[in-house]
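Below: one structure in structure tokens.
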Amino acid sequence: MTRPNTILEIKDLHVGINDKPILQGLDLKLEKGKVHALMGPNGSGKSTLANLLARKEDYVVTSGHIQYLGEDLLTLSPEEAAWKGVFLSFQYPVSIPGVTNIQFLKSALNATLKAQGKPVLDAMDFLKIVKDKMAALEMPEALLYRFVNDGFSGGEKKRNEILQMSLLEPTLAILDETDSGLDIDALKAVATGINALRNENRAILLITHYQRLLSYIEPDFVHVLSNGKIIKSGDKSLALELEEKGYAWL
Amino acid sequence: MTSSTDLNKLLDREYQAGFVTDIESDTVPPGLNEDTIRLISAKKKEPSFMLEWRLKAYAYWLTLKEPDWARLNIAPIDYQKIIYYSAPKTKKALNSLDELDPELLKTYEKLGIPLREQERLNGIAIDAVFDSVSVATTFKEKLASKGIIFCAFSEAVREHPELIKKYLGTVVPYTDNFFAALNAAVFTDGSFCYIPKGVCCPMELSTYFRINAVATGQFERTLIIAEEDSVVSYLEGCTAPMRDENQLHAAVVELIAHHRARIKYSTVQNWYPGDKEGKGGIYNFVTKRGLCAGVGSKISWTQVETGSAITWKYPSVILQGDYSVGEFYSVALTNHYQQADTGTKMIHIGSHTKSTILAKGISAGHGQNNYRGLVDIKRKAKHAQNYTQCDSLLLGNHCGAHTFPYIEVKNQSAKIEHEATTGKISEDQLFYCRQRGINAEDAISMIVNGFCKQVFKELPMEFAVEAQKLLAVSLEGSIG
Amino acid sequence: MNLLTPNLDSAFKKRASHISALSPALQKAQSDAFSHFHTLSFPSNKLDHWKYTDLPQQSLPMFTPPIAIEPNVPFQQLQSLLMDPHSLTLVLFSNEVAVKTPDQPWFSANPTSPDWKFDPLRHSSLDALNMAFSGNEFHIRIPDHSITEAPIYIYHITESFQDPVLINPRHHITVGKNAQATLIEVYLSVGQSPSFTNTVTDITLAENACLTHLFLQKGSPQSLQIAKIHIDQDKHSQYVGNSIMLGGSVNRAAFHINLNESFATCQFSALQMAKETQRLDLDFCVQHYKPNCDSKIISRSVIQGNGKSAFTGKIAVQKNATKTTAQLENKNLLLSATAEANTRPQLEIDNDDVQCTHGATVGHLDPDALFYLISRGIKTEDARQLLIQAFIYPSLQTLPTVSLPYLENLIHEY
């Protein structure tokens, strides 16, 4: 199914929390098939943007627009946004003791399929699909029967996020500091998983602090967020410049 | 954050079992005195020892004062306004379900209690108690072939008086407490179960209670005896119709496990909780106690409570035999204006005894949940071990959760660990689920189920499914 | 139920006429208090909060306030009991001032205030008894914005005389806005005859006040040391409290802390060391009334001989107290076959936006750990000491540093 070219368009977005302004006039456009990296110093508003796009309700949008697939994103609840193909890989995935991973993944996938008017999967079909995807991410099957993220290492948590992305097949994938807390091997496995999910119908927004991840996932565009605005955009070489010169350079 | 209206919508489930059966009852006028007791005993055709015991208990009850209800808010109970006996009129003893009053059968079907075909498929033997009278017991022959006795308590009094005489009141004597004394005087029926030596009961034994007639108190008495090396799993489920005035339920359950015997007693209780304003509903005061008399014996109490206006019960285990084990697994949900005061007592007497307590409380609406537990290690109880975990989940800001454990240790070789936590479902967990497409209602249900998982795992399969459904229904809309 | 206390009754009557002349209002308040005491009688095991205290019911009615106070023990002999003989010090003998470091504006002794009304939710019969017989109240006032560098020491020494003596110390401690102070209170009972110290203390912390407090009880074989400490905290105030019980016939302290305004914090550590036939009872309660308050309680009990410890620790969070964090931990070590531990951590939570936990354990010295130490050449007795010290270590973390050497000695004696 072909999608419109523009997946996400943000215009002059102003967002605050608890009367404190965070995003102060953000513009961003993501087109299908492209990977955009969003970099910036701590406190610049990167996670705010990520969580806002996933429809976390703590923020106040004082002005600006966000169009997702031609629709006003801000009218959607978190689950509605999810059903329409928005996916956020969390920087710190929360654990849910008592709920097994397999139970969680199946509920999420079936809820989404149902909302999209597609047939839901039974236990057997689901198990087959998830096992294949886990193998591709080098995730041991035992993780299915553990409680969601409970006692998972950093690498296991991030892989679990990418596993979910792989299952839910989003249109817009926002990956919030996916590389934080990972050693080289985990980083490589996660990056491989993400690269395998690049396709011409999907837009990926890669939020990262360091250039390191971008050596493994080559972005089409790099943007720098500072003081709530995008102050510079460029291609992947911008990331390398930043690495050399630091954010203060801008 | 989801608005509280969504939450409230979800919390307002309609009580499913709130219908009344239209049936002729054989009722004794309200009020309690010696004559009422003699009447009950006569109607049940009891041998004289039973009447004597009842009268002694009644005399003792008259000397007692109603207990002080710490933290419970209850209107006084008028014991003279209660009807102590109400039996559906059946003409003769039943030999098969076909002879059962069709109205009664319909009642049980409406409640989803399979007295007919279904139970044959599930293989559960059922004894149905309707307003104080055991109505039918299925599977008698199959059990009888193994020497297992599973019948109405009143039948046991008539047919097996020697067993009744030997064990009745040995675990909960009528002097135990106010409601135990009342129950001993006016109990009308309940279940009796005897598993002989070395027998593993081939099916789960089940009883359903229902309080139907207006102003009836329901006073059941259950006695389960497991001889050496025997095993039995018993399920107790309860429902009641919607009524304006409160109804009283004061039961006594006694369990005795001999050497290496194992008794598992599970309850899924769904009494009418009172309407949203807290009017009506059941007062549920129960004394349940198990005696691990034999070496290596084990008694497990598992319960899921989602109803009743006021609950007051402490299933206990007396760990008398060396190496005996007591377990208590509980999920208690209070919603609307329900109040629960529940918990357990583990009394360690023998050596190398072990107890495990896992209590999960969920408070929603204006519900108040109290856990009161006692772990008592007696002086001679060597190498006793206890592990207790009490967790409370608060859904919304108008409910309360209170934990009052008592740990009393008189032997230095004991090893006791107790932990408790209270909190709410985290916003982060909720958002995580919703971002993955699971809507708020389902997310809460899933997280609450996860919260209760350790307890549900202990329930027999059929009950586990019922319990999960019950919880899901009760919780729709409970976001804080 | 009316109590037979002929000694107390006659002592009360004797004082009454004297007090009445000075202040009729006080006399009336004390009469009321005494009649409340009579109605309730001494607390017994039937009261839930006194369930494990084991007050010697038979001998209680024999206690009576001393007639004349003449310290029998010369002050010089007490030097060894004092932590720092050169510091800001107040020494009270049977509740009469014996020694006071000069130039102390922070301390005053005033006649007992008649402003007292019995409150069944707050007062026990011993509060009433204290009020009935209290002659003087001692006030310690730390002015606003003052920072007292040196700790303030108060030694309460109760001596025993031939007749069983009852002392009723009554204190008010106020720490002003933005003020800081360290207060070390040592309750010592000396002598071989029975004595009963029945203390009632009120502490108020104003906005942003900070008080580090050590409440140490060390008695004699026949002493009863009972204390009730009530603390009210204003916003942003900090109370760092320590309760140490080192035995006597009965040591009991009931701490009731009210976090009345937001951002108040309470950190409380407790240590009980019981032996012989000692009864040590800590009854702790912290009430969270407003949002954003934190409380943390750590407690350890070590019991040997025929000793018995009791711990009741309640965290109560009221409806409006959102964003509350509260933790409580109580651990008990039984060192003999006849030792007994009773513990009741409690939670009463009426607000959902909280994180509250509690935990309690009861056990014995880990034989594996003991063996490990011994196998490395450490003598058995020393190994035991090491493990016991390691066990009590967490409860000593909030003590005023100056008190540590003194306490080390006392604990070592145990």
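For clarity, chains are labelled A, B and C in written order, and residue numbers in each chain start from 1.
By definition in this document, contacts are C-beta pairs under 8 Å (C-beta built on N, C-alpha and C of every residue); 3 or more make two chains touch, one makes a residue touch a chain.
None of the values given here were measured: they were computed from a predicted structure.
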item	value
Chain at the geometric heart of the assembly (C-alpha centres)	B
Chain pair with the most C-beta contacts	B-C
Rounded Å distance, chain B centre to chain C centre (Cα mean)	43
Rounded Å distance between chain A and chain B, as computed from the means of their C-alpha atoms	49
Inter-centroid spacing, chain C versus chain A (mean Cα positions, whole Å)	56
Sites on chain B touched by chain A in the complex	1, 426, 428-429, 431-440, 442, 446-447, 449-454
Complex interface listing, chain A residues touching chain B	54-57, 77-79, 81-83, 86-88, 90, 93-94, 96-99, 103-104, 107-109, 111-112, 115, 147, 164, 168
Chain C-facing residues of chain B, complex	377, 379, 392, 394-424, 480
Touching residues (chain side chain C, partner chain B) in the complex	52, 319, 322, 332, 334-364
